[in-house]
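Take a look at the structures below.
In what comes next, chain A is part of two complexes: it sits with chain B in the first one and with chain C in the second one.
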Partner chain A sequence: MTTATQSAEITTTVKRRSPLAETWDNLRRSWAGMLGLTLIVVHILIAATSPYWVPQDPYQMSADNRNELPSAEHIFGTDKLGRDVFSRSMLGGRVTLVVTLIAIAIAILWGGLLGILLGLLNGRADELIMRLVDAMLSIPWLLLLLIIISVMGTEMWVQTLTFGFTYGILTIRVARAATLDFVTSEFVLSARARGERKRTIVMKELLPNVRDVLLVDGSMNWSWMLLGFTSLSFLGFGVAPPTPDWGFMIAKNREIMAIQPWSVFGPVIMLSTLIIGINLFSDAFAKALGLDRSQGAPV
Partner chain B sequence: MSTLIGRRLILAVVTLFIVSLIVFMGVEALPGDTATAYLGQSATPESLASLREEFGLNAPVHQRYLDWLGGVVKGDLGESMSKRKPVADLIGNRFRNTLVLATAAALIGIPLAIVLGVIAGLTRDKWPDVFVSTTSIMGMTLPGFVTATILIYFFAIRLEWFPAITLVPSDVPVLELLPNIVLPIITLTLIMVAHILRLVRTNMIDVLTSDYIQMAKLKGVPYWSMVFKHALPNAMLPTINVVALTLAWLLGGVAIIETVFNYPGIGQLMITGITDRDFALVQGIAIILAVIYIALNLIADVLSMILNPKLRTARGH
Partner chain C sequence: MSDCLVDVNDLTIGYYTQRKKLVHVLMGVNLQIKPGETLGLVGESGCGKSTLGQAMMGYLRSGSQVLGGSVFFGEHNVFSLNSKQLESIRGRQIALIPQNAGDSLTPTLRVGKQILEAIELNANLSGSEAKDRMIELLGQVRLPHPEVMGERYPHELSGGQQQRAVIAMALAAEPEMLILDEPTTGLDVTTQAHILNLLRDIVSEMGTAMMYISHDLGVIARVSDRVALMYAGEIIEDTDVVEMFRMPAHPYARGLLESIPRLSLSGIPNSMPGQPPIPGTEPGCSFAPRCKFTSDICISEQPELEAIQGTEHHVRCHNWEQVLATDFSQELEQVFRTISRAAHDESAIELSEVAITYYRPGITDRFRSESEPPATVSDITLSVKRGETLALVGESGSGKTTIVRTLAGLLPAKDGTIKFEDFDLSVEVDKRPREICKDIQLIFQNPDASLNPRQNVAEILDQPLKLYFPKMNRDERRDRQIELLERVRLDGRYRLRYPGQMSGGEKQRVAIARAFAADPEVVLCDEVTSALDVSVQAAVLDLLADLQQERHTTYIFIAHDLAVVKAIADRVAVLYQGRLCELGTVDEIYSPPFHPYTETLLGAILVPDPDHEPQLLASDTPELAPPATGCSFQRRCPYTLGEICEQEIPPWQKTASRGDHSIRCHISIEELKRMYKDKELIRLDHNEHLENEPQIVHANSNVSISSPEADDR
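Here is the complex of A and B:
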């Protein structure tokens, strides 16, 4: 009796450490990972709360205060329409963050599930769809985004779907490759022998094993998506003015960079800290899960 | 092995065919057409109809696709409607300019990336590695326009070493491009080095922990001989594919850097083409870039097959 209880106790103490807690413990030990996480959280907080505390009206133009250098009133100075660059920099990531965060969830979901299914089927449909994926990836990524955005329009929800779809193509490959490692494993073979349905095998057997890979891929993909989104915005195919947006602010304020460099530095600092934060976090996150950050070039 | 290479070639042609279909249909789906974009405010129903007639825009889509594809195969990319010139003429010099940019960046970037990657791999988790790895993350993931803008501020505006934007026409001799090209090359090189060195580092670490390197160490092979003769060649093999992918990716995104520097290259032309709804121009540039992408990947795959005995019999999936 006593031994049985003891061994039961031991199993519970071992079991109590969930994989999530273990990942968190590993992550906490990496200063780079924690710095990255902090940067991301701060950015999300700024995006969520900035409309309530920015010091100046971000849309207020002023003919008397154009191209002003930083001062107590205007922390990053003003742009050539006399608008406060600091306030606009704080607000400039709102659309970007909302669009990319939802889009990345869409990308992981559809790309991940399709990739797992293709890895499991590994037949004619797999061959056909992978050819399509290869073809999509052979089109210059910027051109692909420009065409889709030009066709679909720049409304926020359309952009979200566009980015979710386009970047999900990358996830298909990753999920399929990860699945191929498991399709010949005993647990999948026995599930097949039991006559489980494909959906059950995908959801119950494969997804839990591929999940870590998908999460790491998603966090990396997020930074590629930001790169794509802000690049389009820089080229004028993004958020419609006068809504403040980092990419477009950098593009426009470049014209006055020689006299008012802070009009460019403001949005550059904001965008860079977010992207660096995501990457520091992704790296540490991958290591905490015991995965090496995969090296494939984006899009 | 030749059948394997043959298979790979057929695959490349199939991919290219699918790309041509996607590109053609995608561009066709753009709202408005060249006729409306070309005539703008002055468009009357009659002038639009005659222009569409002149450029054969009234034919059914599949007919136009086949005509276009037939032309592309023969090297005829069609005629640009907004510029009223053959697309090939418009692309000519600008393509050369982009190639100059990409080649220079590759010639500087690839060796630099290998050296830095090997150093990082050899000093894993010590300060040279931490420094190189951390900077490479920034070089890799900061958008090209951010890197370029920072470089312009310091080297063009503050130090005045190089011009901030290119003001020469697209058809000047290569040598005259020189001062204009330095900052774009540095931008491209930074991005490229970051991508490649990360992979070289990973491969180097993988190889250094392998059994045969342990064996070489136990045998008393001198350190540098172990690094250069045993480790490096094996670490280099997977790098070939990444170099190809990175080059292709750079060509795909080079439009932004060309726009920042006002550099007369093919990418800048592509963006103008989209704004002007110049279908033939965009389709032509897209197909050229896709051909380069597929060719680079093909070359990399074949090279790896030749250099790596293991891949000669392995079946591609």
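Here is the complex of A and C:
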């Protein structure tokens, strides 16, 4: 179809560039992607360094300064207990970021590999596990998270594993679907006809081709996971007080929203800038990798 | 000028890359098409022929722009029209028929409804008038039972029938011109011959002008009045069809014609060195780096498209006089290289009564009393001798890919035995010992799909080396990679390239190198050249022949192109619906007596000769499943004897007391010989026969038992 352009490109791209540099080049050309990446980086920097520079002690309560509106001293005002909302907003993403980042790595790893393997086997095990996955997905996700966490407790590592596990279930489907595009392709048939082991086929033939899809899917899932974690905090199953956390702050300060709206706006602004940043980045990242949703299937 | 329907004037089209570099696609193209004329536009992939075809309809690929020149359709300069005005031309005065008809039909609408839309939009008819016109059109493209066909959905039609429906749609407004972009590529030879006949008839009936774009010179020779040859975005020769094939004046035209395998000549055709440049990058003639007539002027100065001594024969070459000095037909005979092979008498692989099925009963099927459908491949008994090339020949659905995949261990055999060095190959690959896997290697049709895009050549070649020679260390493997690349005539530096950085021919060489990395006894070649351009195909055939001579490798070669088979094979097995029809050496198969199916196939071949006319024996209706009893070819056979063919499996008959040539048919050998002699008497009228074609393609037919081959094209 694109015969004319293809052959021209073949000869021009002989100049070798690593795929990573190529992706970065494409990403740099998208202002939305760069904005997203900047937001994410700023958030990570804030999370990492905020304890050292926030203007007020985020734990310091003050009976005299409760529900104060923004002032020079308290940029976002204070909450019900007189704590500085700005400082707490800055620190509020620390636990969230650590938990979700580790969890997303776990999800990609186990969900991705299992999904690829199921796509390759495509037999009874695949059938069985996929029905199990369907069954899991039919449970409302918040309910599923709540059940696991109320049984296992609210320690950070439990939450990390829980999120890694539940979002891995979503990743299985994505990885399996992406793998099915390649399983019948001739290079996989060729490896099978050579008598290669399943492990080699998964690691050498399939994973490099599915990797991009997994990365993009992971970054999209990250924003969902942030919302999930914040929702749990909002319901009181997240970070134990008094550690500042966006979800918990929104839940508690909601009561004084009419008097001191900034006590809610602070964490909301932080959370939404991060999620918008992740979404902008994910979209641009997908395009940079050539997985543009508007252009159909990844190849 | 004014008597031209289409006048392309000095058209230059290009696009900017992401790094703001200008890349030309077309370079100063001049082309005129007169009303009622059929122009064949021919060239290899990437030469810009599709871009030119689309430009004639005022369409540019996104990102491309007109850098100079104009396209006039009648009075209109198509690139100065607004979209409303363009719409009034497209479809009504000029219509496009694309390559893949299945993609251009909407799957959720009935075929008749889609044609009705075209009629209502472009021909201003409505209601019952439009309906009558729709049925008339379906009849005009010779679809049987037009009223019934209109009620079907696209997937209920075969590939050839879909293409006919698309042609009907294009004819709705009786356009003055049709642009056909490779409309028969991917169809079976018999279907292709039928469609081309139809197009010829339509053109002569309706006086429509036609531009036929194709890379296949046999097709071009069949349909065209005039041929324009493109190379690197330029038209380099433009002349009458007979001149083009008998007295080509451009060295590239000669090279291209010499690289096509021919039925009339034996051996492997000549291959051209090098590959086309990006248009507009050569200071002189774009073909100069590959040309054997190159002189100083060719490198410094671009040749113009000039007429040869006042004739209508135009050529873009400084040295055409020198080229024309040698007679082309003599030159052609000299370039074919005959290969000598010493095939052993011992057999490498022996198949006996092999049957293969895709039917996998589900849990509920086991409780039903329905009988199992006939196996996709059945009753295959043949032996492949060491060091020979056996070709499996047949249309799509004939089971050739199925057999090869079974030999490769990707599918188990249902019945029968396949013997290879005392080992039974009827089991799948994970039940075979590693040495057996090593000895049988597979090369696929499409090198784009058979190489992992995420591995470079070194990694690709490393895989079989690591698997079969675990004792090799890194350096040894590296040396072996370079050696393998050199054996397939690639530079050792290709190790670091990724598939996306190589041309189709180079990729296929890497795929061949990967197969030979295992040092195999048997190489299975599944349509290895059909995705390649003709000049590249010749080089790959040449390479395969050389590799075979060095190692006495056995080839099992699948091809649908019978000229390619003639060039490379020693023996041929003709298959229809997974059953053998005829078996013999190349010479025996290509000369009478023929099995009726072999005769049908051979009759439908298009050769690059404008005087050749294909003989259409049987209809082109494909069958999705073999018949339950009797001869597999019974439903399409032009000579069917009736009941005996429907009931009994025909016997093998030897054609001579010596040799292995055998035909599986109820008609006796003497009769087949006699029939061939006075075949003019019994040849059925083509139209009449189509009316009687069997209705097989149906929505409820069991698709799961059809072979995957249909999708492979």
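Here is the rule we go by: the second predicted complex is superposed on the first by the 277 of 299 C-alpha atoms of A that agree within 3 Å, B and C clash if a C-alpha of one lies under 4 Å from a C-alpha of the other, contacts with A are read in each partner's own complex, and residues count from 1 in each chain.
To be clear about the criterion, a contact is a pair of C-beta atoms (placed from the backbone, for glycine too) under 8 Å apart; a residue touches a chain by one contact, two chains touch by 3 or more.
Please read these numbers as outputs of a predicted model, since none were measured by experiment.
Once the two complexes are overlaid on the shared chain, A:205 sits against chain C while remaining clear of chain B.
Shared-chain residue A:148: touches chain B; no touch with chain C. Once the two complexes are laid over each other on the shared chain, residue contacts for A:194 go to chain C alone; chain B is not touched.
Shared-chain residue A:186: touches chain C; no touch with chain B. Counting the residues of chain A that each partner touches, chain B and chain C differ, and the larger count belongs to B. By the touch criterion stated above, A:71 is placed in contact with neither chain B nor chain C. Residues 299 of chain A touch chain B in one complex and chain C in the other. The touching residues of chain C, counted against chain A in their complex, run 15, 17-18, 21, 23, 25, 45-51, 61, 99, 233, 276-279, 408-410, 429-430, 432, 434, 437-438, 440-442, 444-446, 449-455, 459, 463-464, 467, 496-497, 500-503, 514, 518.
For chain A in complex with chain C, the residues that touch the partner chain are 1-8, 10-14, 16, 29, 185-187, 189-196, 200, 204-205, 208-209, 299.
Against chain B, in their complex, chain A makes its touches with residues 32, 131-132, 134-136, 138-144, 146-148, 150-151, 180, 223-224, 226-227, 230-231, 234-235, 247, 250-251, 254, 257-258, 261, 264, 268, 271-272, 275-276, 278-280, 283, 292, 295-299. The part of chain B that touches chain A in the complex is made up of residues 11, 14-16, 18-19, 22-23, 26-27, 29-31, 134, 137-138, 140-146, 149-150, 152-153, 157, 195, 198-199, 202, 242, 245-246, 248-249, 251-253, 255-256, 259-260, 267, 270-271, 274, 282, 285-286, 289-290, 293-294, 317.
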